[in-house]
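One structure is given here, and the rest of the page talks about it.
Chain naming follows the written order as A, B, C, D, E, F and G, and within any one chain the residues start at number 1.
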Amino acid sequence: MSNTNKLSILTKGFLKENAVFVMLLGMCPALGTTTSAVNGMGMGLATMFVLVMSNIVVSLIKNLIPDKVRIPSYIVIIATFVTIVDLSMHAYIPSLYKALGLFIPLIVVNCVVLGRAEAFASKNNVLDSILDGLGMGLGFTLALVILGGVREILGSGSIFGIDLHIFPGDGMLVFVLAPGAFIALGYIIAITNKINKKFQKA
Amino acid sequence: MNIILLSIIVLGVVGLLAGVILYFIAEKFKVYEDPKIDEVEEALPAANCGGCGYPGCRNFAESCVKADDLGTLFCPVGGNETMKKVAEILGKTVEDKDPLIAVVKCNGNPNVRKKTTSYDGAATCAMETALYGGHTDCQYGCLGHGDCVDACSFDAIKMNAQTGLPEVNQDTCTGCNACVDACPKNIIELRPKGKKDRRIFVSCINQDRGGTAKKACEAACIGCKACVNVCKFDAIVVENFLAYIDPNKCKLCRACVTVCPTNAIWEVNFPPRKIKTDEPKKTQPKKNALENQTKKEEEAPIDLKNIIKNDNKKDNEIK
Amino acid sequence: MAQYFLIFISAIFVNNIVLAKFLGICPFLGVSKKTSTAIGMTGAVTFVMTIATIVTWLLQKYVLVKYDLVFLQTVTFILVIASLVQMVEIILKKVSPSLYAALGIFLPLITTNCAVLGVALLSAGNADFGLLQSTMFAIANAIGFGLAIIIFSGLREHLEFADVPEGMKGAPVALIVAGILALAFMGFAGLA
Amino acid sequence: MDNKLIVSQSPHLHAKDNVRKIMLAVIIALLPSLVLSFYFYGIGALVVTLFAVFFAVFFEWIFVKVFLKKEPTIWDGSAALTGLLLAFNVPSNLPVWIIIIGAFVAIGVGKMSFGGLGQNPFNPALVGRVFLLISFPVQMTSWPLAGSSRFVNWHFFPHDPQALVDGFTGATSLGVMKEGLKNGDAMAGIMDKIPTHMQMFYGQMGGSLGEISALLLILGGIFLLYRKIITWHIPGSIILTTVVFSGILWLINPQSYADPLFHLLTGGLMLGAIYMATDYSSSPMSNTGKIIFGIGIALLTIIIRNWGAYPEGVSFAILIMNAFVPLIDRQFKPKLFGKVEKSKQS
Amino acid sequence: MITKKITRLNNKTRESLNKTLNELYNTQNMLKTFPKGGVHPPENKLSADKRIETLEIPKQVTIPLHQNLGAPSKVLVKKKDKVKVGQIIAEAGGFVSSNIHASVSGTVLKIDEITDTTGYKKMAVVINVEGDEWEESIDRSEAIVSEIKLTPEEIVKKTAEMGIVGLGGATFPTQVKLSIPKGQSCEFLIINGVECEPYLTSDHRLMLEHGKELIIGTQILMKALNVNKAYIGIENNKPDAIEYLTELVSNTNNTIEIVALKVQYPQGGEKQLIKAITGREVPSGGLPIHVGVVVQNVGTTYAVYEAVQKNKPLFERIVTVTGKSLSSTGNYKVRIGTSVDLLIEKAGGLPSDSGKVINGGPMMGKALKITDVPVTKGTSGILILKNDEAKRERIMPCIKCSKCISVCPQGLEPYFLMNLADKKMWEDAEKQHNMDCIECGSCSYICPSARPLLDYIRYGKQNVGALIRSRMKR
Amino acid sequence: MEKFETIEHDAFVKEIRDDTIIVDVISKSACMSCQVKGVCSVSDIAEKQVEVIRENNDVQIGDKVIVFLAQTLGFKAVFLGYIAPFFIVIFILILMLQLTNNELIAGILSIGILLPYYLILFLMKDKISKKYLFRLK
Amino acid sequence: MATKMKSTILSMSLVLLVIASLSSGLLAYVYSLTKDAIDLANKQKKIEALTQVMPEFYNSPIDEAYKIASDGDSLNCYLGKDANGEVIGIAIETYTDKAFSGKFTVMVGLQPDGVIYNTIMLEHQETPGLGDKAEKNKSDWSNQYNGKNPSTNNIAVTKDGGEIDGITAATISSRAYSDAVQRAYNAYMNEVKPNLGL
C-alpha cells in the first residue's frame, strides 16, 4: 500500500467516513456525553483508546478465531479494554468518570468499535488497523468535541468552560438537555452532508 | 482466593459455556447460504437500480448463482466487465453484450411541432398522458415534462430547454431502462451503442398516415419508404407509416439519413459529410428551425451534437 | 404494586430510554423507517432485553458480587448478551426467515445495542432491585423503547410524503423529529 | 395560434377558499384577544406580538429564499399566524431577543426543516414555545399581572392600589395552584389567591398574552366553525374530556384537585383546543382520529397539570399527541362507502 | 298544456315556486340526500328556461366509431356508400359495446382518424349530408305511444339494436345493464334526473318537455327489468320538473315515485343516488345490481322510449350549450356527429376570452383540445369557461386541512391517494381503495391548496388497474 | 399492529389439474364507474386466469369460488419468535417466584424454558413458514 | 489471507475460553492496580464535602459515621473532631422529597450549637440553569444559610415568610434546599445533640 493510501486510512474518518456525522454510528455516546466540549473530548479519547487497542489485537489474532465465535471473541477483547479504561478513569479522573457515567462501559457496544473490528481490523494488517483505529477514533473525538462545543456554546454560553458572555442569562438550556442534543446533531449532520457533497464535486 | 484466578475461572466458564451452546445451536439450526452470493454481490456495482430486472443487486446475485447459464442475465450498469467478473466467480462464461444506450425517438421541437392547446394540469408526462393525446397534434410525441429525467438515477438524461426534448448523455447513460419504463409515451428505446459509438435511428414514433403526421409535426416520419428503398441491407421496415431501423442489420452507411424528406432519421457521432455539404439543401428542403437557431444548417446531423454533451472526447472523435 | 407502576411510568415516559437517556439510538434511527419493522424490532428488543436482564441479574448477584468480581461486570454481561443474541439470531434465521429478512442486519445490532447492555447494567447496579423489579424494569424500558421507536416510525413514514429540503433528508430530519419528540416528552417531567 | 384552449382534467371549477383566506380568517378570529391583551398588559403585548409576527415571516422568507430556493411563500399567511400564535403563548413582558429566538425555532426548526407549509408533523408555534420554556424558564414564567401596565392602569384602574406598582409580576393561576399543592396547601385556600372564575372567563388574569380570555377565544372559535375552517371534533373532544376527567378527580377529592371549570379557563386550554390543536398539518385527518387526538390531549393535559412538574400541560400535551398523529391517521380512516355491506356479504 | 306554462316561468316565479316546494317538503334539510361528503358549487343553470330547439342538420357529420364504454364498434359501411338517417353503420364490437347509426342521410365521404372529444385520434365515419331521408321503419309522428307491446326480452334486444347507451355520462351500453345476470335480481329502477352538474340543463328540459314519454320510458324499463317500483330522483333546484312529473305519475298507482333530493353534488352519482333514495349502499367494488337496483338517466329513458315505441335509433341527443360569456345559451337537439363548432356558432360564437371548452359539465366534463370535434352519444353539454375561470390556481403544498376527506362521498382520503400516486406506490394505493373513487372531483374542487387531487387519483387508478390486470393474468 | 390485507376475488373453476386448479376470475374491481375509457379494455376480462394450489378442496368445474392471497406473515413470525416465548418466560418467572420465593431457581427455570420452546418451534417449522399463494376459500 | 480457523466445537470453545481467560487475567491485574485509587476516589468526594462543611478536623469522620433517625428514615451523620477529640462540627447527609425533580441530597455542616457552618449539594436532578444554582460552583446562593441558626432564624424562603431569598424562578428548589437543611437540623437537635451531651 502506498503512503497516500495510508494517509487516507487515517484521514477518512475525519469527514468522509466520520462515524457520527456520516455513518451515524455510536450515536448514543455522541448524544449522551456531549453536554460540554470537554466531556465530548473525554469520551472521544476513551473510545479512541479502545478502538486502537482492540483493532490491534483483533488484527493480530484474526486468523485464530473461528467464524461462529467471531463476534463474541471480539466483544470480549473490546470489553477488556473498556474495563481497563473504566477502572483507570474511575481511579485517576473521577470527575470525568462521573460525568460520562454509564457511557463508559457502553463503549463496548459502541457500533464504531465493533464495526471497525469487524469491518476493518479483521481483514487488514496491524499497521493499517492502528491507523484505521486512530483515524476513526480521532474522527469520533472530533465529532464529539464539535457537538459538545456547539451544545456548550448554545446551552451554557461558554466553550471549554470559558464563559463567552453571549447570552444575558445562561444560554439556551435546551441544548444541555436531551432535545437540544438531537436537534444540534441533526443540523450538524445536515451541514456535514453539504460539505461532503461539495468535496465530492470538487 | 486469588482474585486473578477467580476471575479467570468465572469468565472462562462463561466463555466456554457460550462457545459450546453457540456451537450446538449453530449446528442444529444451520441455514445454508451460498457464500458465492456474497461474492457476486460484491462484484456488482450496488446501484440497486433494477435495470437487470431484479429488485436489487442481491437478488440479481442470487439469480446469477442459481442460473445454469448467464446468457439471460445482464447488469446494464456494470456492463460486460462486471458480468465477466461474475462469471469468473461462478466459473461460468458470458458473451460480450453490445452495450445499450437510451435514444429519444422524438424530434418534435416547438418549431416543427406546434402547440395546439395549452395544458394546465399537473406537470408530469404521465399525468398529461392520462388526460389526452398531448398538447400538440401529434398524439405520440414527447410531452416534455421530463418524467424520464426524474427516473434516471445516473443523471444521464436532461431536458434541453430549447427543444423541450430530453437528451441522453452517452457517457453516463448505463442503459438501465429506467427512463424507458418511465416514459408514458414509449418514446425512449434502448439501442446498441454501435461501433465507435455511432448509431442511426428514426427519431419519431408517429404512426399516423403521412399527411396527418406531417401536419402535426414537420419532423415526423411520414412512412414514405424512401429510406427503405435506399437501404442496401434491408435494415429498415415501415409499418403503420413508421420506419424502424433494425440496429442489428444497420451497417451505418448513412444512405438513409439524407433521403429522409423530414429529417426524421438521426445519426450520432459521425464525422461531418464533406462531399454533400452543398447538396442537402435540395434533398432536405425542410429544415429544422432549430438548426437555424444553432447555425448548423449545413450539416443536418450535427445538430445531433445536442444529444451529447459537447465534451473534449467528442471533439477528438470528430477530428 | 405502586412500586412497579412507578418503574413503568418512569422508564416509559419520564426517563424514556431513548429520548432522555440516549440509549439505543442506532436502532432507533436505523430500524424506524417503517412501522412494521419498528414493531418487529420492539418485539426483538423486548425479548432480548428481558432475557438478558434476567441472566445478567443472576450472574451479578450470584457470581460477581458474591466473589467480589464486579469489575468483570462489563465483560461478562456483554459476553452473555452477545451469545444470547447470536443464539436468537441463528434460531430465527431458521424458524422465521421472513422476520430475519425484515430485521436483517439489525439483529446483530441488538448485540451492540447499548439499550440492552445499558438496561442490564442499570438494573444490576441498582441495589434496590430484586429479580422481579429488574425484570419489570427491563420490560418497562423495552416498552419505552418500543413507544419511542413506533411513534418515531410513524412520523418518519409520514415524512416520506413530505417535501423535506434536500440537505435535511434522512438522518438530519429524523434527528430533528427525535429532538422535538424529546422536547414533548419533557412534559412528563416530575410524573414519577 | 395564440388563442389556444386550455386543457386540464376535471373538475374545472374550484371553491373560493384558499390557503391565504383560511389563515387570514384564523388571524382575524384571534385579533379580539390581542386587543384585550393590549388592554390588560399594555404596549408590551403589542411589541411582543409584532416582533413575533415580523420575525416569523422574516425567517420564513429567509429560509425559503436562501435554503430552499423556492418561490416566496410568506404571502400565504401561515408564517404570520405561527408568529401570532407563538406570541399568544408567551408572557407579554418577554424580552424581544427571546421572542426572536422563538420565532426562529418555530419557523426554522418546527416548520422549514420539514419542508414548510403543511409538512410539519409538530405544531411550529408550540415547538417554539416549548423550546423557549425550557431554554429560558425564568423569563418564560414571569407573568405580568393583568392590568399591570402603567399606561392602562392609570386609565382604567385608578381605584386599584396594586395597579400602581410598576411591572408587577406573579404566577399564573395554575402556577399558584401547583406551588400551593406542592406546599401542602388545600385547594380552598389556593382558590382565594387567584382570580375568580368570572374574571378568568373574560380574561382578567395573569398568563400568556393570548390565552387569558376564554370568552373572546370561544367567540373566535365560533367564527371559525361557522366558516368551516375548523370542525368541532378536536375542540369539542378536548373540552368534554377535560371536564369529565378533571370532574371525576374533583369529585373524588375537591381539596387536592381543582374543579373542571378552573381547568377549562386556565392555562391556555381554550387557546390550545380551538387554535393550536386544530392546526391542520399536525392534527389527524379523519373525524374519529380527531376525537381520539382531542381526548389524548385533554387526558395528558390534566395528568401533567395534576401530577407532573410543570404547572401547565396544554403545550406538551399537544406536542405529544402530534407525535401520535401518523399512527392515528393510519389506524382511523374515514368510513369507506360500501364497506359494511361487503363484510356482511362475505 | 302544462309544459308550455312552466317553460314560460321566469326566474322570479321559479324562485317563489322553489320556496313553496321547500315548504311542501318541509325544509331543504329534510330532503333525502346521501349521508357523507359532497359539495355545492354555484349552480349557474343559465339555460334552464330555454326550450329545446332542434339544431339544423349540418353539411357534414363525423360519427366516431367508439362512442360507448367498452369495446369500439365495427364499421359496416364503406367509402362512397349511401346511407339513410337511422341506418346502422357500425355494429357492436363485443359484449360491452353498441351499434351506431347514421344520423343524417348522404354519402360516406371517408372513414378516417379524427380527433374526438377525448383528445385522442380515433376512427370515425364522415358523411356528406344530402337531404334528410329517414329509414322507413322509424315512426316520425308526434303522437305519444303509451302501450308497451314488446316482451322484456324484446325490449332488451331493441335497445341493443337501436344502439342505446347510458346518456348520463358513462355511455355504458344499456342492454348490458338491462340483462340481469342469473342469480341476481332487480328490485328497484331508479331514473336519474338529478343533473347535479352546474350549468347543465338538458335533463331538466327533457323532463319538462318530454315528461310523458319519460314516464312511458320508465314503464318500459320497469317491464324489461321486471320490477314494479321505480323512483325518479330529481334535485330540488328543479321544482317545476318535480311538480310536473309528480302530476304525471299520479295515475301510476304509486309504482313510479318522484323523489325530491337535496341539492348536493354528486347526488347524480349512481351510488350516491341509490343511497339517498333506497338507503342501500353499493358494496365497495360492487355494482348497483348487487343491491338490487338499476339506475338509468332520464335521457337514456327517453331514448329507450323512442327506440322501443318509435323504432328510432339513438342518433340525436339533447345538448346544453352554456357559459357565462356566451351571448345566448340554449338546449339543442343535435344529430350525433355534428361539429361542436356549429353548436358554439349557434350560441353566438366563441367569445375571445374563452379559456376552456368543456364537453359535459364543469365537474366531470372533459376539456376539449379543439372545438372541431363531433358531438357523440355522451355529449350532454358544451360549456364555455372564460380564461380566468378556466385557469387553475397555483398548486400549494397540502396543508392537511382534511376538507377533501370530508367532501369525498366515497369515504376516501384523496390527499393520501394523491401522495401514493405521486410516489407510485400502487399496492398501497390499492389498499387505500383508490379504485372506489367515482371521480366526482369534489376533492379537487374544495382543496384550498388547489391540489390536482383527482388528476393524481385517476393516474393511480390507471396504474392500479393495470396492476390488478397483470396480477390476474399471472 | 400490522394489518393483514388479503386480496380476494370471485372466480369460477375452469379446469382441474393434478395439483393445481385453474380459475377464471371475474373482474369487478376496476371497471365500474370507470371514466377512463381509453385505458379500459373490457376484453381483458376473459383472460384473467389464475392458477391455484389444489389443497384437497373438492371443487368441480363451474363452481364459484373466492381466491385470495395472504400478503404478509410478518406478524406471525414476530409473535412466534419473540412475543410468545417472552410471555412464557415472564409467566414462569412470576409463577416460580410465587412458588419458591427463590430468585435463583426462578430465574434459571424461566430462561431454561426457552430451549424446549424453540425446539418445538423448530420441529413445527414446516407448518409455519409455508408460503402463501393464491388459495381458495 | 491465511486460512481461518474452522468452526468446530473444540476450536470454538477453546478460543473463547482462551480469550476469556486472558482477558479476565488482564483485568484482574488492572483491577488490583487501580483498586486503591478507586476506593480513594470514591471516598474523596465525601471527604471533600466534609472538609467544606466543617471546620478543620483532625480525625477521619468517614470512619466515624452514624446513622441517625429522622422522620422514620435515617440520615448519615459524621462528626468532625479537633486535635483534642472535641466535636467541632457535625455533618449530616440530608435529603428532601420536595425537589423539583428526583433525588436531592445535601450535606449540612452544623456547629455543635446548631448554627449552620456550611452546606453543600451532593446530588440532585434539578434543571441546569435553574435549580442547579444551589450548587456551590454554580452560584453562591447557598452561602445564605451559613451562620444562621434554624431555631432563631427562619430558614424558609422569603415567599414563605423566611429569610432565604429564593433562587430566581426556582422557588421550588430553594424551598427544597431549606427543607433538607431543616431536616438535618431537626435530626441533629433531636437525635445527635442529646446523645452527644452537648
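Going forward, a residue touches a chain if its C-beta (ideal position, glycine included) is under 8 Å from a C-beta of that chain, and two chains touch if they have at least 3 such contacts.
If you're wondering where the values come from, they're calculated on a predicted model, not measured in any experiment.
Undergrad: Starting at subunit E, how many touch steps does it take at minimum to reach subunit G?
TA: The fewest touching-chain steps linking subunit E to subunit G number 2.
Undergrad: To get from subunit D to subunit E along touching chains, fewest steps?
TA: 1
Undergrad: Taking mean CA positions as centres, which chain lies farthest from subunit A?
TA: Of all chains, E has its centre farthest from that of subunit A.
Undergrad: Taking the mean of the CA coordinates per chain, how far is subunit F from subunit G in Å?
TA: Once rounded, the distance between the two centres reads 60 Å.
Undergrad: Can you check how far apart subunit B and subunit C are, centre to centre, with Cα atoms defining each centre and the answer in Å?
TA: 47
Undergrad: Let me have the rounded angstrom distance from the C-alpha centre of subunit B over to the C-alpha centre of subunit E, please.
TA: For subunit B versus subunit E, the centre distance works out to 45 Å.
Undergrad: Identify all positions of subunit G at which a residue touches two or more other chains, and write them in rising order.
TA: Each of 7-8, 12, 15-16, 19-20, 23-24, 27-28, 31, 100-101, 127, 129-130 in subunit G touches at least two other chains.
Undergrad: Two or more other chains touching the same residue: where does that happen in subunit F?
TA: 36, 122
Undergrad: Counting only residues that touch at least 2 other chains, which ones in subunit C make the list?
TA: Correct list: 35, 71-72, 75, 79, 82-83, 86, 91, 94-95, 97, 163, 167-168, 172-173, 176, 179-180, 183, 186, 189-190.
Undergrad: List the residues on subunit C that touch subunit G in their complex, please.
TA: Contact set of subunit C toward subunit G: 71-72, 75, 79, 189-190.
Undergrad: Could you list, by residue number, the parts of subunit A that touch subunit D in their complex?
TA: It is residues 168-169, 171-175, 177, 179, 183, 186 of subunit A that touch subunit D.
Undergrad: Would you tell me which residues of subunit B are touching subunit C in their complex?
TA: Interface residues on subunit B, with respect to subunit C: 1, 3, 6-7, 10-11, 14-15, 18, 21-22, 25-26, 29-31.
Undergrad: Taking the complex as given, what residues does subunit C use to touch subunit A?
TA: Listed in rising order, the residues of subunit C that touch subunit A are 19-26, 29-30, 71-75, 78-79, 82-83, 86, 108-109, 111-114, 116-118, 121-122, 167-168, 171-176, 178-180, 182-183, 186.
Undergrad: Please give the residue numbers of subunit G that touch subunit D in the complex, ascending.
TA: Residue list for subunit G touching subunit D: 98, 100-101, 127, 129-130, 160, 168-169, 171-172, 175.
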